[in-house]
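Sharing a structure, written as structure tokens. Questions coming.
Here the chain labels run A, B, C and D in written order, and each chain numbers its own residues starting at 1.
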Amino acid sequence: MYRYERSVRFQEVDAAGLLFFPNFLVICHEAMEDFFGALVGGYAGLIRGRGLGLPCVALETQFIAPLRHGDAFEVQLEVEHVGKRSLQLSYRFMRGEQLCAEVRETVVVTDLEALKSADMPNDVRELCQHHQVGT
Amino acid sequence: MYRYERSVRFQEVDAAGLLFFPNFLVICHEAMEDFFGALVGGYAGLIRGRGLGLPCVALETQFIAPLRHGDAFEVQLEVEHVGKRSLQLSYRFMRGEQLCAEVRETVVVTDLEALKSADMPNDVRELCQHHQVGT
Amino acid sequence: MYRYERSVRFQEVDAAGLLFFPNFLVICHEAMEDFFGALVGGYAGLIRGRGLGLPCVALETQFIAPLRHGDAFEVQLEVEHVGKRSLQLSYRFMRGEQLCAEVRETVVVTDLEALKSADMPNDVRELCQHHQVGT
Amino acid sequence: MYRYERSVRFQEVDAAGLLFFPNFLVICHEAMEDFFGALVGGYAGLIRGRGLGLPCVALETQFIAPLRHGDAFEVQLEVEHVGKRSLQLSYRFMRGEQLCAEVRETVVVTDLEALKSADMPNDVRELCQHHQVGT
């Protein structure tokens, strides 16, 4: 499991005073970007250097409890499945013991020039397998 | 069906040059906000005036084709189900004939002070039933 | 003068309930993007097609009155000066008769590959001169 | 001087591949929010607990060099002046030795209920004076 911690920022809430729901997904991507920071060149090296992206193709989310400005939370990222060209990831938002949201996401390794799926590079596979659930 | 049209803006793409996936959901909410603009006082009147919100509790999304800066698209919002205190909505992103993304969302009428579910106001129900699928 | 009208969206306010100040500048850019929509290929054609950008190099802003969720406003964009390679633009945010914010911006025509300034294309110059203050 | 460090995220660049200019100001506010994290209750405690905000009333910015996805930078926040009800802050974006942007900002202590200026609380004043330039 990979853990990403921070607090809800001033501008991330909406007019109802709650973390705007698409911002949960922005934060998931932040966690993923940090997770891939362990690659040589980081996530930016993958995108800009190697021309590979990991676009999201499917998403399933439950929002259980709201978060407000200043609330500290932890995102628990887990790699559920490593395919030949795709990954299944899950993210749990915890405010202390309270589960606030749960996200399941499928991303596909993509050649950004051709916009076609591509084989997963070895270093991406190894990093993901290293954090895979049940390993 | 309610239709919401615009183009991908300069800042809505990511470093891969594609509409950043949480922005699809930001745009869904824009469409929903415009849809509820038909209420007296609009969506802001519901939130700020009546203290009621419609937070998203569940989300299911498929991303089928990417959108790039400048791409014109239409969001087709449909009300799938009107419950006592909840709504099921769907959104389809069309770039011409190409389906780019499909979103299904459940929102719950919520008293923003108590952060508890509340009965759906009549005007919200009537507007939604008016746009309900199959009617 | 070029006019751009809309309302403050649900997610554009901050935890203080006011339009988050960087969002004024996001909206200025929206107005500018729409203004350049009159070019063949639009603003995206300039960026993606011709490899030219108009990055902001200087900004001066006064915030006079806040905007809240649902507030309708008009942005009044004016071209103050057209240089060989740069533009000076101003933006006034009006909520009815109330001036809410005033922005002055300098942008430089930039070759995005070389990241160097470039001569202003004729169609950009003509569009800007057409909307220039005092003409 | 207060230092805030991070890298440009995947979604913070625009279609030109450069940090979208309003995001410099979003990041300034992040730095300011972290700076005020030293208050009891943090910045959120000021806003939500005490009903006081620090809205920006004036802004002056020079953009000198662009930032791209993955670029690491440091924001150097300095308190230039502490008034009875206002603060002047400056922010310098450094990528290594390269100055990328410079921001000067005036914020006013504001009673968020009345939307009127208010006297600066002692703990805010003390924190600011502690970080003031030349002290």
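The criterion applied here is as follows: a residue touches a chain if its C-beta (ideal position, glycine included) is under 8 Å from a C-beta of that chain, and two chains touch if they have at least 3 such contacts.
As the structure is a prediction and not an experimental result, all values here were calculated from the model.
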Between B-D and A-B, the pair joined by more C-beta contacts: A-B
Distance between chain centroids, defined by C-alpha means - chain A, chain D (Å): 27
Where chain A and chain B are represented by their mean Cα positions, the distance between them in whole Å: 23
Geometric centre distance via CA averages, chain D-chain B, whole Å: 33
Of all residues in chain D, the ones touching two or more other chains: 10-11, 15-17, 20, 22-23, 26, 29, 44, 47-48, 68-70
Graph class of chain-chain contacts, one of line, ring, star, complete, other: complete
In the complex, chain C residues that touch chain A: 10-11, 13-17, 20, 22-23, 68-70
Of all residues in chain A, those that touch chain D in their complex: 7-11, 26, 29-30, 33, 42-45, 47-48, 68-71
Chain D to chain C touching residues, read off their complex: 15-18, 20-23, 25-26, 29, 44, 47-48, 53, 55-64, 66, 112, 115
